[in-house]
Amino acid sequence: MQSATTFEGIIAYPITPFDAAQQVNIPLFTSLTERLIQSGVHALAPLGSTGVLPYLNDAEKEAVITAALQQAAGRLPVLAGVSNLTTERTVYHAKFAEKAGAAAVMIIPMSYWKLTDDEIFQHYDTVARHISIPIMAYNNPATGGVDMSPALLKRLLQIPNVTMIKESTGDVQRMHYLRRELGADVAFYNGSNPLALAAFAAGAKGWCTAAPNLIPALNTQLYHAIRNSDLPKAQHLFYQQQPLLQFIVAKGLPRAIQAGLQLRGTDGGFLRSPLQPLDDKDMRELERLMEGLG
Amino acid sequence: MQSATTFEGIIAYPITPFDAAQQVNIPLFTSLTERLIQSGVHALAPLGSTGVLPYLNDAEKEAVITAALQQAAGRLPVLAGVSNLTTERTVYHAKFAEKAGAAAVMIIPMSYWKLTDDEIFQHYDTVARHISIPIMAYNNPATGGVDMSPALLKRLLQIPNVTMIKESTGDVQRMHYLRRELGADVAFYNGSNPLALAAFAAGAKGWCTAAPNLIPALNTQLYHAIRNSDLPKAQHLFYQQQPLLQFIVAKGLPRAIQAGLQLRGTDGGFLRSPLQPLDDKDMRELERLMEGLG
Amino acid sequence: MQSATTFEGIIAYPITPFDAAQQVNIPLFTSLTERLIQSGVHALAPLGSTGVLPYLNDAEKEAVITAALQQAAGRLPVLAGVSNLTTERTVYHAKFAEKAGAAAVMIIPMSYWKLTDDEIFQHYDTVARHISIPIMAYNNPATGGVDMSPALLKRLLQIPNVTMIKESTGDVQRMHYLRRELGADVAFYNGSNPLALAAFAAGAKGWCTAAPNLIPALNTQLYHAIRNSDLPKAQHLFYQQQPLLQFIVAKGLPRAIQAGLQLRGTDGGFLRSPLQPLDDKDMRELERLMEGLG
Amino acid sequence: MQSATTFEGIIAYPITPFDAAQQVNIPLFTSLTERLIQSGVHALAPLGSTGVLPYLNDAEKEAVITAALQQAAGRLPVLAGVSNLTTERTVYHAKFAEKAGAAAVMIIPMSYWKLTDDEIFQHYDTVARHISIPIMAYNNPATGGVDMSPALLKRLLQIPNVTMIKESTGDVQRMHYLRRELGADVAFYNGSNPLALAAFAAGAKGWCTAAPNLIPALNTQLYHAIRNSDLPKAQHLFYQQQPLLQFIVAKGLPRAIQAGLQLRGTDGGFLRSPLQPLDDKDMRELERLMEGLG
């Protein structure tokens, strides 16, 4: 059995590629996942924001999780995204992921109507009571539409299997709060690419990122420089990749990663509408930023 | 055949009620809809934000639209909400609504990944090419997560059957811009309850609101005072209902309307998780605000 | 003796013009003030934001107030701006204005360090105890850096001679709150030009504005249309002037009014650095917007 | 002659203390300054935000700068704050500081009317042409009201003696941009206390802070841990002081430092109205946070 804090280092998001008819392309997903695994990352996180989770129907989500676990085959742990607007569907997918073999699930409280803190707590608590693997609570107001306060995140950690927090607000003060309130052993993760250096400096245990689809060596080397307390090297590595990290966030990860794979000579498949490919100007900019990197 | 600007006055949102098992309760929906029709409103808008559209699956959405149209039975026009994260599902539901007899569809560009202006335009354009009834473009960053600029809204009006704009930002300057850029005949609608007076003063053709579930007489009287250019009366009517309008928006329309119906002695059904009923303190506040109101 | 709510209608801001050496030009100020008085406005408000109050030293402020009162000569009431970062200087200028004959003073709680509500209350209370003319509390976070909550504004009205509120946030909901909390007789004023129509519709007693330097007839006619409850005419008048109102706010009132006077063939003097004149592109845009107006 | 990048490490802000009549207390300022110098900080920065620069008149500003330089007596460099709303007064104080012996001046573009980028550039350029000591451009929208974009900061560095940038937005991405755009040798400084660790990790050359009035040893030790690339130690030191750093920023530095000095048994003098001392609850919280800290 895996421990509650099994994730550490670089946790990579695969994209969910589509075929020309905008149907999920599982064989392509499998090969892109294998490529990530071999790049040296420490864990896989399918069906995150990069994996366009909310644009998939139930059957598609199940196919992606199944494929990721089959391909990982125990070589590295899998953190399955199971977020949904309704509590009932979140429970459904969390149970599916557990049965399929995921090491943990990641849940962002998606919102249409702004949720109260009590509603969010009850949402996590209901899911937690239906599964026995750990839950990573994921805060990302820019995509999910809900900004969980540090106080609410702290409260969520009272639920026994909510053991990890991923902060994607890009505000390093949130991490300071978590670390201070919860002690040096708390497992908090950074989900904001441009904050990679600051978050590691603040004590983040891992970095959840789509960047290893394009620059896995730079990502893992940054992690190791931090582990070795080699700050000048970490700075050097971070500033090398920082322009690219900012670009892929600014343009939207599914669009930017798909384009970057294409520039690397790897098929990244199609996007599902309304998402559209990067335009020519952005493609040239991305090409320029990737030149000479990893 | 109905004209492109068939909607005027008070356009009422029914809620989508659930049973104790959190399944959509169509008989209750039908009776709440009949109650709204008889209250004197000018149009019905099922599956708006108040109707918790994004929390329903495809079959549920179809059942609600069908029930609304059967109950309206031509007595007043029906504006069907058909918004979806993907373009394919939006087209699907728009076609369903047209076939079922809706006078128009309302579409908010829901977002997980922030959409570019081109993606939003293409989203509307694709839907528009698949139906022949008018489209109301609906801007509500607080729920949909996308804030369409006035310039983008103007661009959307180039699509032949995008003929109406609903602004729910609560910023009256957006309406000034629309009116100025598009002339006095543009059909713009207000979707922000606390802005009802200011929006009518700015020339809004209608007010899309869930309030008629609770105070239909005050809502329609405000509209008529404006039509009669009786500003003192409009002010008086507006300030009577303004505290309640603010409350139902602050607490979330599905929660607040369900609670208000209960206080009126009308069954409002159950909510679907993660949404939870108002707590006792809020119930007492709502009761106080509704006292003596129509 | 004047009543506490002596101000009603159009309250005009004169600019403070400078000579080529960036010294205050009192003779030019006097002639611009006379021009405003003859244009039919209902009151004068020297040393507001338009009058670049914070860029003047003590002697310059006194000279401007004195000149305004001498020129008004009782023909219309004068509301003198006396705001200052420190309480001591605010008291000083408020006493000066009272002795010089101002009907009331206007005070914005300027901030470098964000002030607590208690500090702001004590600031107003200290000034109020040193003078016996009424005080208009002025909320404008965009210039003053402090956003006084509606609750704080309500609290300020407990101070006996704080009898008027000017809201310049551009948020009509603030006015709804003031009117609701304080009754129909509360004297609240609008200081946001693009909100002129909405604020009058909400019941504002007056409009504090620099626009009469350029389009006094349109400004006063809008006020009269509202008083006559002629909403269609008010809409028509508002939409005529709305693009110009937005422009002068967007470009900064001192810059835009000085430029507009020049386009009208009236000497508007020079600005004091760091403020610089509008560039050519903005001048042409302003010329276009003023064509055919007032 | 001093070099353009003479400042490094901990740059300490003294407060400007007042007597019971709210007049500047120069003897107390001198003794508090001596206390700072002996605490081991690397430079002094009188008349920053902590020194309540904008609340002082011209004579008071000159007295403070003179006293700081006399007391420093060449033992450490002095960075004099000379910011003012008008360009003319900024030039005046910058020339005074140079003549008095300041190593450099710090200028924040204070704003009442929002300044254009050209106006800000011209403001700095005019000052720069009147002095020959280096200028630190200081960005702090929370106090100054102007947010200089990274692009504008880069442009300011084209002015020969603008050689240092102090960023106080608390957004580490601004520092990443500066470092990336300007190379590893750019002298950028952190002015946001809660960002101390992240800014040093990002490569900031120094930390401008009022904290050494209370915890100088922790501040300087953090700097040395970073210089030694001892990240675990830096984290440990940062998390020890982080709650206090957040508190003094949240409560306002002049108020919080004056209170903290009092708790340390050192006379911190009085504040000038409208600023008021911390209330009892905040005092007890501050006492708790300072317990056991250096």
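Letters are used for the chains, namely A, B, C and D, taken in the order the chains are written, and counting of residues starts over at 1 for each.
Here is the rule we go by: contacts are C-beta pairs under 8 Å (C-beta built on N, C-alpha and C of every residue); 3 or more make two chains touch, one makes a residue touch a chain.
Just so it is clear, the model here is predicted, and its values are computed rather than measured.
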| item | value |
| --- | --- |
| Path length in the contact graph (chain B to chain D, fewest steps) | 2 |
| Centroid comparison with chain A (C-alpha atoms), farthest chain | C |
| Chain B and chain C, separation of their C-alpha mean positions in angstrom | 38 |
| Inter-chain centre distance, chain A versus chain C - centres from mean C-alpha coordinates, in Å | 52 |
| Chain A-chain B separation of Cα centroids, rounded to whole Å | 35 |
| Per-residue multi-chain contacts in chain A, two or more chains | none |
| Full enumeration of touching chain pairs | A-B, A-D, B-C, C-D |
| Chain B partner contacts - residues on chain C that touch it in the complex | 170, 172-173, 176, 179-180, 184, 194-195, 197-198, 201-203, 226, 229-232, 234-235, 239, 242-243, 246 |
| Of all residues in chain D, those that touch chain C in their complex | 22, 49, 52-55, 85-88, 109-110, 112-116, 118-120, 122-123, 126, 142-145, 252-255, 272-276, 279 |
